[in-house]
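Two complexes are shown next, each including chain A; its partner changes from chain B in the first to chain C in the second.
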Partner chain A sequence: MISIKVLKPKAIIAFMLASLLTLTIANSAFALLYGFSSSMLKAMGGLSKEVLIIQEGAKSIHTSWVPLSLAESLNKLPNVKAKPFTLTPSIVNGQPVIVRGLSILFDYENKIIEGALPKEDGAWILFGEKAYKKLRLKIGDIIAIGSPKNPSLIFLIVAGVYKLGDLRDYEAVVPLNLGLALAGLPKGFVSAIQVEGIKKEALKKLLEKPYKIEIIHEAIDGQLTILDALSLPIASISLKDSKPKKLELPFGYYTFIYQASGLASNITSLLLTKDQTLNLSLKKGLFKLKAILPASVNPALISESGKEIKGFWVGDSWLFNVSQGAYILKLKNSSFKILIQGDSIFNPAFAENQQSLKVKVLWRDGTEASNYIISIKNLNGELVFGAESHTSTITIPLPAGEYEIEVSKPPYLAKAHVNVPSKEIISITLSGLSNPSKIPLEAFKRLKPSSPIEASIMALSMLIGLAASMLLALTIALTILSAFALFAIYKALYSFAKENLKLLWMLNAESSFIFKTVTMPILALSLTLSLLSSILAFILHESLNLSILGYGALTLFQFIFAYSTLLALTSWLSFQAEINKSIKEGFMH
Partner chain B sequence: MGFSLLKNLRLTQFMLAAAARGEFKLTQSILATALFVSLLIVLTVSSQAYLSQLPILEEIAIKPALIASKEPLKGIAIKISYIKLNSNFILILASSNLTAFLKLNQANIDGKLPSFGEALLGVKLKPLIENSTFTLKGLNLKVSGFINSPEHLSSAVILADSTFEKLNFSYECFYLKEEGDFQAFAQAPSSLSLIKAVASEILKMVSSIAWVLRSALTLICLMQAYSIAKESRKTLKMLLALNASKINLTLSLTILALLISGIAVALGYAIGLTGLALSSSALSIFYGLPYIKPLASYALIKELIFALTASFLALTILFANEVLKL
Partner chain C sequence: MNKASSEIALSLEGVTKTYYIGASKIKALNNISLKLKEGESLCIMGPSGSGKTTLLKVSAGLLKPDSGKVKLFGMDIYALSDKERIKLRRLLTAFMFQEDLLIETMSIKENVELPLIIEGYSKEAREPLVEKALKNVGLENKSDRKPSEVSGGERRRISLARCLVKSPKIIFVDEPTSNLDSVTASAMLQLLKELNEKGATIILSTHDPLVAEIFNNIIYLRDGLIQKGLKIKY
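And now, the complex of A and B:
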């Protein structure tokens, strides 16, 4: 009662209204600030605590190019799990949605609340519960999504709805191959790789520099083709003299294939984590030689010492277990010299009856391409030819048959299906270089592991750049100014009560009495108002359902209440400090 | 008791002097109102700065080259259905102009376009072929060729219109066209529509917050006006006792109200601009985000007039009410 009399009833009502209003605004501004910053940071950073690999220099996770083979290579490290994905801002039913391309849907299993989780790649799309509701979709709907970069419209079937309970509920998920098509990424590249089981610093060390490989070999005529973890050729070395060959490659899992006339030997596969010397002359142990011959041929394999090695018919070819060295394969009417360096496939058809296949490689604008790697695989996917070509046209000796030609000039890859013999020159077109700085090994070298926060800041700075800046500046300014407004209201309350407080002081009321009778009730009132305003701000925040780039501004009531209480307490302390100061100075001012 | 300009000016002068001495306790009220005005200023200035940059973003965005619509338009009509085969979704597409459709998709095919009873299959559907035929809804279709690319057609089945009709699929019809209206159902590249959609989200948000802030400003103006009017009661009683007319008092108070409102709005404007500039420059320095350059605009003037009017009306009404009570 004393408190009401001292502070004046009408002033208390005005104070309550003003405080409630100001606290509600302050809380709403804070909820927006917290919601947007945390939502965007988490969403743009890949929604995980794991390390993310993105392209160094990319302004956003959405514009990053990371070689997919790196994920395969990282998965070869003990206890390391790498998950490649794409993230593409897209439009569905006129509203922005982030579409995530994934190859592994482990996180989404048992999280489907409507429809079903497709088991194979196909023309399907899954929606998070929040996005599904917002976009007013139905299971079985056919939607069209356009790539932000390419003139490519993709039709997809709404297959299911998932609920993970995090920001991914605002996204959509498609198979990785469609994610790549939507993102407009070249074949073999993804937006980012999420890595578990290795620390950021260790990963940084692994990726920061290329490693030297010295290849020691005997003078053998042939070609050494190096395949990455996705079995795509990334380098080819001609072995014409016995000089050791040196090359630099970034971290990765590589397979070395030796090719000579009719022979393709898988020499070794290695996970490159340090500088290495590869000695092709000192290999020990038994290797498998697969000779593509009919069962009736019954070939004989003779070693250098004249010993005959027995072969086994395995259904489609003859198999020999041999050690490294030179051999002679004797058939009925012919014999072939074979040098075994590792597991090998020998097809005499490649050494005999060869046809010439002419391949011409061009850029999309018709200009001639050079310095590309060409590889030819049979229909079983076995590499039968690989070489680096410095001219646009290359002539390849091949026996008759059907083949897949791959021309690789990373990050570009073009494929063609051919029937040999072919009278025509096979023309293969590489898509144009949209960004000349993104060239083969540069793409590997320019990677850096970063925490989700770092990745998020990059994403924020580019993807929604101005919008993010505007929203953050706006919400920060609103939060600070509304806090000041609350302080001003408490100051006003003190100003109204000052005369009555002076009266109390003149009546010899002690400061403890004033504290108990005046300021404590105001503290209780402030805390009540902070709770009430938190509830109001939370209701307002939820009902407005504001979003940016499809992501909602997720916030928790506890955070709003904690901020509100802190604000009310600080303002009350300023009120209390004013009273203490006045008592100390004898209400002179 | 009548109206006199000279008397009124003297009265106003006296009231201003009293206000300056702190008799109306204006400082706190002006500050509180100014802070609420600044909130509105921050919102308006930042949204206007964002809007002013949008045309630049739109200029650099790639214009749509392909659009899809559910409404008939001059282009290619494409019928789309799907089947679920071994828990895999397979798109079934048909059009009377398959050549144009495949050209729009830059499709690379081996073989020929399907005629009646034939199917052009995505390359990933090869394992489903038995004896050179593909079975769809019990109908054996001869495989006319394969689509090697693009990726999104690699698991699709393309049929001639007549085959599609015979199979009696329920379907959705889309119309595809090169270039066109931005309001289409879908477009590619979609960067322009993405910019527009994100801008629309932000403007929706700004508009919602603006309504909340305008309501809050009005309430605060009323509360502050009430407290000022109440504080002025003693002075007004004294002036009435000194033979000042109620009309003169009201007019002087109106001038005072205008001054108070003007000061509060000007202060709010300054605080708002400074606050936004400070937070934006901090974000720019520490996070490299673009700096929001405060921008004067018609919308800003509108908000300033609103704030001035709200404060002035609240003060005038409550001052007049106070004078009437005397």
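And now, the complex of A and C:
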């Protein structure tokens, strides 16, 4: 025990207490700092091989708008997997929880520890283990959830609890449509898309500019409507003159539909990854013509060459296999000219129709909206009418029946259910023009594929806001101060022992003797203190259960211990260096 | 390594040591040369700041001079490596410091046995040597006390016992009577004289004329220079 006597027992006790306290503070600060930063990295939900698409310039992932159709389009690329999601700070039982809206729950399969993973969309919510414990919930509880973007409460049933072992354990998961509602995102937009199977640079190149499409066609009566990957109409072009039509569209999967009176033909679908020319006249092959007629009618379809094509009754309509070209459909008392460009649906009720529907599209403030796309689908979801309107009011010829009207002025989409005939003007209100720059093309230009790390850095500085920045600054300051304090403690230990060390040296003790009897035991003591303080810091960290916006600071004991050991070792080395210097200088300084 | 001489215990040849304090330069030793045979004693006298302690430390191998040679039993100690010099010091010398350099948390016995612990002696080997050293200085009955529990004179004797415990050939003693009353100082000098008579070479520094009366060789230092030659019988 010569080392204790040389270093003085009181000095050692003071050293132990001061070191333990300082190391515990440093470790706690580190645990918090490491916990939050690693939490943020994990919050972005990515593995290093994944790319995250967020809106460039968005202040956080919560305010990012990314078109959902982009995810659908990316999934058409070979070996690419795109997972759209929303991420919204929400309030459950008065406590903040980050709610993730997902359409694919693949990551959560086999991770349910209580309850069950719902098979389909509905009014359910899954909780991460940490959030579940914090909120003291039970499976089957009905919770009310709200968010700053959607103040009206949504009631959901707690369906299950998952444990992924990362930050998502602090979150809750809802179906994507509920996530969209909570995020206050317009239909067709999500917060971000996680993409696997494509490199960031390749994705950036794909998204950086729009592609040109040139449509070559003959002068025909009708419209060409273009649907995005979610089957939402995004453009409508009149084909009345034969001039080639030029369009610019971002990367995506598009469907081109030819529409004429009573006819809707699916011409083609394509994944737009380069400039393309679309020749409507060159379309070859057999198409299906579906004529909406009763079984008793027994229609006759005559080609331009006078050949009659046989039709089949398929339960709700007559089906003909036809090639591209013009046909005459003969009924008992009437006949119709039909131009086939692709798989088509023909409803003679439209052609014969004397009814019409008047639709007026307004903004929320009552002002008239223009330049929107209106599409009408029957109850089977089949498109029966689509047009781009440059005026607020449009009159549409429609036979009697029930229809769904969709008015699209991206990113806004409004729907209405109508019964024709209707004497009233159908008024459709778009939700509001809060950010007119977010039309799809603009949105695509602003998309930014980032690595999860880049996105996390952005999120770390912006997501958690000023409070977290202050916390971050505080923890960094605490860490630095603790390191300085620790150096000072070791320096003080040296100062207390200096006279005795000098005596050992004057009694001809070699440096190896001083190392063995003094500095080695201090090294052992330092490592023990480092372990003890790590345990204390870990317990403190776990029991305080600190969180920002519902995210806890996930930390690992081994990291705290490694950090603590590094601090203790560095301080011990400074102690050892001080002794060596004194020995070299003969304790003269 | 120089060949050892059996006759000359200590020799200094043209030893110079200068201290630099800020811009000022203090020549503590200025071209000092002297020789001392084994079994002799040397008393270095001079006022405070004359270079007595520096000469003692340089001679003992604790402070490297700027120039000149210091030989212990014929070996040029500053030509040796640090490690070799420490071994040689351990083998031949002991140093009694002016200040009571004792470890207050250790007992008197533990303080005395410290040089033996450093040397790696076993506990069994240490015990009789410590006992003998304590007996020599008359502290055998107070061996378990702490240094803070004894008088100033006794503290000085603990230091002396620590010097004697390894029976060194040369003992360097820095101001043995400073801060001691005349009776205690006299007893301390008596002890040193007895040691010298038993064959130990003793070199001590003092400004106390009483000390100089007891020892056979005296030199006077002033501003780092020897004022009177060796072998002056007082």
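The working rule: the second predicted complex is superposed on the first by the 574 of 589 C-alpha atoms of A that agree within 3 Å, B and C clash if a C-alpha of one lies under 4 Å from a C-alpha of the other, contacts with A are read in each partner's own complex, and residues count from 1 in each chain.
We adopt the following convention: a residue touches a chain if its C-beta (ideal position, glycine included) is under 8 Å from a C-beta of that chain, and two chains touch if they have at least 3 such contacts.
None of these values were measured; they are calculated from a predicted model.
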More chain A residues in contact [chain B versus chain C]: B
Which superposed partner A:118 touches (first chain B, second chain C, both, neither): first
Which superposed partner A:148 touches (first chain B, second chain C, both, neither): first
Contacts of A:5 with chain B and chain C, given as first, second, both or neither: second
First (chain B), second (chain C), both or neither touched by A:139: neither
First, second, both or neither for A:513, with chain B first and chain C second: second
First, second, both or neither for A:309, with chain B first and chain C second: neither
Chain C-touching residues of chain A, taken from the complex the two chains share: 2, 4-6, 8-9, 499-500, 502-504, 506-510, 513, 586
Complex contacts: residues of chain A adjacent to chain B: 10-11, 14, 17-18, 21-22, 24-25, 28, 32, 89-91, 93-96, 116, 118-124, 142-155, 157, 159, 177-178, 180-181, 415, 417, 457, 460-461, 464-474, 476-478, 480-482, 484-485, 488-489, 491-492, 495-496, 540, 544, 546-549
Contact set on chain B toward chain A in their complex: 25, 27-29, 31-32, 35-36, 38-39, 42-43, 46-47, 49-50, 53, 57, 62, 64-66, 68, 80-82, 86-91, 93, 105-106, 110, 124, 148, 150-152, 154-156, 172, 174, 176, 185-191, 193-194, 197-199, 201-202, 204-206, 208-209, 212-213, 216, 219-220, 223, 226-227, 230, 271-272, 275-276, 278-280, 282-284, 287-292
Interface residues, chain C side, partner chain A - complex: 62-63, 83, 86, 89-90, 95, 97, 101-103, 105-106, 110, 114-115, 117-118, 162
